[in-house]
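Have a look at this one.
Going in written order, the chains are labelled A, B, C and D, and every chain counts its residues from 1.
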Amino acid sequence: MAEPRWDPARLEARFEQVRAHTESLAEPLSPEDQTVQSMPDVSPTKWHRAHVTWFFETFLLSEVEPDFAPFQDQYWFLFNSYYEAVGPRYTRADRGFITRPGAHDVGLYRQNVDARVRELITQVDGGTLDKLGSTIELGFHHEQQHQELLLMDIKHVLSVNPLRPVYAGTPSPRSEPDTMGWVDVEGGLVEVGHEGAGFSFDNELPRHRAWLEPYRVADRLVTNGEWMEFMADGGYQRHELWLSDGWAKVKAEQWRSPFYWRDDDGTWSEHTLHGTHPVDPGLPVTHVSHYEADAYATWRGMRLPTEPEWEHAVEADGQAHATTDAPALHARSAGPATGHLRQVQGDCWQWTSSAYLPYPGFSAPHGAIGEYNGKFMSGQMVLRGGSALTPPGHARHTYRNFFPASARWPMTGVRLADGGAPA
Amino acid sequence: MAEPRWDPARLEARFEQVRAHTESLAEPLSPEDQTVQSMPDVSPTKWHRAHVTWFFETFLLSEVEPDFAPFQDQYWFLFNSYYEAVGPRYTRADRGFITRPGAHDVGLYRQNVDARVRELITQVDGGTLDKLGSTIELGFHHEQQHQELLLMDIKHVLSVNPLRPVYAGTPSPRSEPDTMGWVDVEGGLVEVGHEGAGFSFDNELPRHRAWLEPYRVADRLVTNGEWMEFMADGGYQRHELWLSDGWAKVKAEQWRSPFYWRDDDGTWSEHTLHGTHPVDPGLPVTHVSHYEADAYATWRGMRLPTEPEWEHAVEADGQAHATTDAPALHARSAGPATGHLRQVQGDCWQWTSSAYLPYPGFSAPHGAIGEYNGKFMSGQMVLRGGSALTPPGHARHTYRNFFPASARWPMTGVRLADGGAPA
Amino acid sequence: MAEPRWDPARLEARFEQVRAHTESLAEPLSPEDQTVQSMPDVSPTKWHRAHVTWFFETFLLSEVEPDFAPFQDQYWFLFNSYYEAVGPRYTRADRGFITRPGAHDVGLYRQNVDARVRELITQVDGGTLDKLGSTIELGFHHEQQHQELLLMDIKHVLSVNPLRPVYAGTPSPRSEPDTMGWVDVEGGLVEVGHEGAGFSFDNELPRHRAWLEPYRVADRLVTNGEWMEFMADGGYQRHELWLSDGWAKVKAEQWRSPFYWRDDDGTWSEHTLHGTHPVDPGLPVTHVSHYEADAYATWRGMRLPTEPEWEHAVEADGQAHATTDAPALHARSAGPATGHLRQVQGDCWQWTSSAYLPYPGFSAPHGAIGEYNGKFMSGQMVLRGGSALTPPGHARHTYRNFFPASARWPMTGVRLADGGAPA
Amino acid sequence: MAEPRWDPARLEARFEQVRAHTESLAEPLSPEDQTVQSMPDVSPTKWHRAHVTWFFETFLLSEVEPDFAPFQDQYWFLFNSYYEAVGPRYTRADRGFITRPGAHDVGLYRQNVDARVRELITQVDGGTLDKLGSTIELGFHHEQQHQELLLMDIKHVLSVNPLRPVYAGTPSPRSEPDTMGWVDVEGGLVEVGHEGAGFSFDNELPRHRAWLEPYRVADRLVTNGEWMEFMADGGYQRHELWLSDGWAKVKAEQWRSPFYWRDDDGTWSEHTLHGTHPVDPGLPVTHVSHYEADAYATWRGMRLPTEPEWEHAVEADGQAHATTDAPALHARSAGPATGHLRQVQGDCWQWTSSAYLPYPGFSAPHGAIGEYNGKFMSGQMVLRGGSALTPPGHARHTYRNFFPASARWPMTGVRLADGGAPA
């Protein structure tokens, strides 16, 4: 007899862990903090807390519970993010106008759904659980994605406040810059994409072949100190370094530094989740758009890696491994050179030069869940790695994160590449 | 010896009363409710609570306290509304992005300033108080204006929530419509504008002469039932009834009823501070723009009164008096005809056909306080009377309220006029 | 027997004169010049030429011709300006996208309608002509208004061209500034509005009484030289001089001089219909918004006249008279003081402090023609006088021109006033 | 001794041909037609005629003429498209506001530059010509690109005119639809990109290897008739067929058919350069965005080809060849099946599923000319083939055209693909 794929006890433990982690991230925030949407891309904290709950309610409970009814009719409408197949939704840009349910009421919603999911996991027979397991697991990874979004978003909310509030924690001690090294990669006919029994999102599939000429990638991320050299050399004033759309943004939005840097009477400080502090030259630069990353690479006479180059370099390197620590909330210094790739995960998402497009043979699942990834494969760029805001254990080397080229509020960074031209 | 104009005990009592009333209005609201700005015209509840406090701090305490320092440096910036002379201000449209100070912290700010003002009123010598009295009194009236704005604004905040939340209270029992009567006014060379020792805003001055031909005004406001007849007769579809700018709004924003009315499957209901309820045909129509009021009057073959016509009619009528009851939060039915003007105050502000312009001989005070009214004398229309949201004792017959012709979120209504043409 | 009011020969002569004048104004312009709409407020020259023709076709020929059909079906749609009652219209802001009919084709349209109107005037019986006469006369005045608009608009079209093109003519010789004098006016119960048998627009009616306290008005317009003193004194940088809406415009559009002034390396030059030339300090300042006019008056410690003050001052002065010369295309120097009002007509329209509202007892005619003026009585300010672009004989002392307070492309100027406060 | 690469006589002949072709395309257009910019993406005809002239003046004459001066200083400013390195430019969206130089004056500009280029080609020594030859040749290809843009743009200009004007020519006789066939391609490690001595743009370089799994491509383009089936099956109403950005456009701009289709009382007609005619079901569908092409392919259960798939399929097919006929101004029917790819060039540009990104090893030339292509490698999709508006001899199988995914005014079409998934 085949062993059941999903073990109820482990599923339940995982469920408790993921759900509790979300609440712990919201814990330092007042009801007011949890309510505000400081720009259209941002969602309120309490909306994130409710939406991930709605996800379990919609894709799990509504499929299974015999007399299913939403916890609240209007929540069905308020907390749908973008699933057209589930029905109409409250306008995304207006999420910050909704004061009720308040932060406390969202907690009640969470408790209700938690109890029902718990009961489901522990009570249903193994055959049913085998059918539902992958949806439950998707709910975990979905909630983890929103854990990072929650932190990204609250960072922005607090940044527009002239009181310069602190979310939590303290900055690292001043770091020591080191030299950027390089890792050579042979290339050839390589494979990219997820493989094996573990979880992946649909956009990481199928694993497929790609041709790469020999190339090299930097062994660490670009630092704040290196970015200051770019700025000092007129990086934000020299059109010839920029993509046309990027240059238009530089002028229209008067970019002259990374997103969260402020010029306090001649000294650069940076808004972080720990408050506003002087920029540390040894830390990786972060909160730069794809346009800025590309301009920086051009200035250095280099380029960004493509998506298959990034993934294959990490696989070929063989040393990089998933972060298991609690997220630091800030990127860390690379530390001494190791001969291997450093800062692969846990510091900054790394812009690639690849547009976010379907892999050869990709097809989205049927139904609403098929809207999860596939419909966004247009007009965005891929980032790889993971950041200091990514929950431990969430990211993979095949993980494809994506944002518009102009996005600056995600925790992004820059890894350089070189070579790769036909002989 | 001249008697001091300002009595400390009475000033203090008035101060306590005004300040407590603001807090009582905020009392039913959660921290989340107090944080949100649902459109650029709206300000968050906690911003109102802080701004009226800033007003006393800026225009009173900073002028008198020997070692004055703001309670919080950044509050000086955050809670300045529009006083250019006081310095730069936080962007008005972004007031809803500020989560800290939270509702509780704003309470601490209020307590601090309350204590300092109290001390000032009770400790300074009579000569100083005579100099400061009019500023203190202006602070009372300023705070009262924001009490009405607070209610107007939270009404809007709650209106965009599909949960249809209740602020407080319950609607009146269904009312009985009655017949609209008319009051004839002789006109001639009349006087308009404030006179005497009591408080007025600068825009009510100076009292001056104006010529009026004989005219008449309706003895009550237009009702919801009468408005439904306008709608049924194609009022929102017939361009010939509308001012050009009004018609542009009708089309661009798809107006087809008063602002807070909703068509629930063929029945009109109305969002109120008591929740959403069926429209009561006997109550005054409210939340209509000047454009709508003008179109309605045109449809009836009548017009709106001018500002001097409204004021002189009320003075000539001799019966209307200031409301002293607690504000009802909703307009009330006119009740049986009395031969006098009804619904002069306490129900809906009444659109006039007059633009908001300076009276002959008007001049604004010097300094920041001169920005209170004068700089807004452009592009707005005058409303007279007072509304169910106006705090008791705040309005006067000479009171000049003003809003853009397109504004619908104030508690506005319609009183018709007729005649007034040269013989 | 009553004499016929309208004499066919005189009507025809007037018709030929008005129609020919329009064509003479378009004569210096290439087909390209006649096609372009450089901002939404501007209409292309050939559109003006066609629209005034459409006016005769629509309001005259279609009412009378037994087998009337439009010259071209689509012209009916393209050349309707704002008459809702006539049917749908081509989008106003897109008038510059229409290349055909070209300038030559519009000429053919004009010839066709000219012939039909000519036949109508000369062939119909006197009784019919009596009925039609006022419409024909309205067509003359309508076309004259568009003659001024045509010049205003082409001035703007040429202004956005870095080649700095010339429309026609040459500037005056450098003028000599003189001293601004004052004319005192007694006021009292005065009459304003049109009276008598001559033509007026409906918005000048009815003549009615108004009360004025004693006041005075400047005997000439404010000059460029005086405006430069305002600029040198920080006029465009001092918020306290400005209405709130005006100050918002100053900042948003970075106003720092009159509309058509350019700072050529430290010297102010001015775009005119004669090309770009150094600003002449002795000429009246022109192309300033109401906001600027108001700020200037505030800076001088004065104010703008109200509409009844302006009209009564001119009537009381008794010397001002309609310009009969060909329009100069530029404002002229005031010349030596005369003890009377100077520059009443023929130089710059003069902003008043009055909003454009209906006179007491005003009512618009029935039907489409009622849309001519009445529906615009909202959100605009009145100007009085006439400008160097106004066709001779068009303006009157009772004439009410109107534009939004922010408009700068009309040929506007500033006459100061003072006094008028209640004793 | 090395033979000179560039033959003066052949260069001159080519120059005359290219320049004359531009003028012949403008010939049917009036000065008014040549002036207008009907949306920001469109440029006026006379601007195109001047800009391609400016290109020769700037990149050729200014580099060589000893006493070079621009024909007109301001033309340098007016007719620079997007070359930051050449200096500031007139605002792109305002090109339609410039009436002078008129169409005739632009002709004089062209004649002047023609004479100077002619002299240069025929007078300079062979060594200099060898240095300049590639710039001259780039000028030819640049002008050819603008020949297509000129037609695309005037098509749009005429489309917004309710008179439905004709540019030139007549539509084809009604065509017979045929069956879509398929061409199988083996794939493997293929090469893509330009190779050899002939001209290519820099973005076609370098030729490089790519890995392709076996796939197939349709042997002809999707027809209007097939598109009508998509529409009839709710193609524009079914969110599940669309990319998220595409669906947002469908809703915001109310797309319900290809760009130039109009619903004339239930019959679909199409605006073409020959006027407005009923849609011919046998012709290729055109003027559809990438979003629509992608949704259509999804509806068919297929996909669009990638860029390397398209190029390799054409090379492997071995039959497709460059069009040498005069452009038809409209796409033609595919005609009977041939076993080979049909409609490769000369009908519609074909959307691929590839983002426009640099080839491995791509680097832009130094200086202003480096801005030609490289800086646009962001946020756009690649199209392959060529259209009925492309001048004969201009396109190649390696040619990379590119537009934003939302663009509908280029002459785009749809070729389906299938397969390509890893085994």
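To be clear about the criterion, contacts are C-beta pairs under 8 Å (C-beta built on N, C-alpha and C of every residue); 3 or more make two chains touch, one makes a residue touch a chain.
Bear in mind that the values here come from a model prediction, so they are computed numbers and not experimental data.
Novice: Please find the path from subunit B to subunit D through touching chains that uses the fewest steps, and give that number.
Specialist: When the steps are counted carefully, the minimum from subunit B to subunit D is 2.
Novice: Using each chain's Cα centroid, which is most distant from the centroid of subunit D?
Specialist: Of all the other chains, the one whose centre lies farthest from subunit D is B.
Novice: Which whole number of Å gives the spacing of the CA centres of subunit A and subunit C?
Specialist: 60
Novice: Calculate how many whole Å lie between the centre of subunit B and the centre of subunit C, each centre taken as the average of the chain's C-alpha atoms.
Specialist: 37
Novice: Go ahead and note the Å separation of the Cα centroids belonging to subunit C and subunit D.
Specialist: 47
Novice: Counting only residues that touch at least 2 other chains, which ones in subunit D make the list?
Specialist: none
Novice: With touch defined as at the top, which chains are paired up in contact here?
Specialist: A-B, A-D, B-C, C-D
Novice: Along subunit A, where are the residues that touch subunit B in the complex?
Specialist: Counting only subunit A, the residues touching subunit B are 30-36, 38, 46, 72, 74, 77-78, 90, 94, 96-103, 157-158, 160-163, 165.
Novice: If we count contacts the way the header does, which residues on subunit C are in touch with subunit B in the complex?
Specialist: 82, 84-85, 189, 206-211, 213, 239-240, 242-247, 290-291, 294, 306, 353-355, 357-358, 360-361, 370-371, 375-379, 405, 420-422
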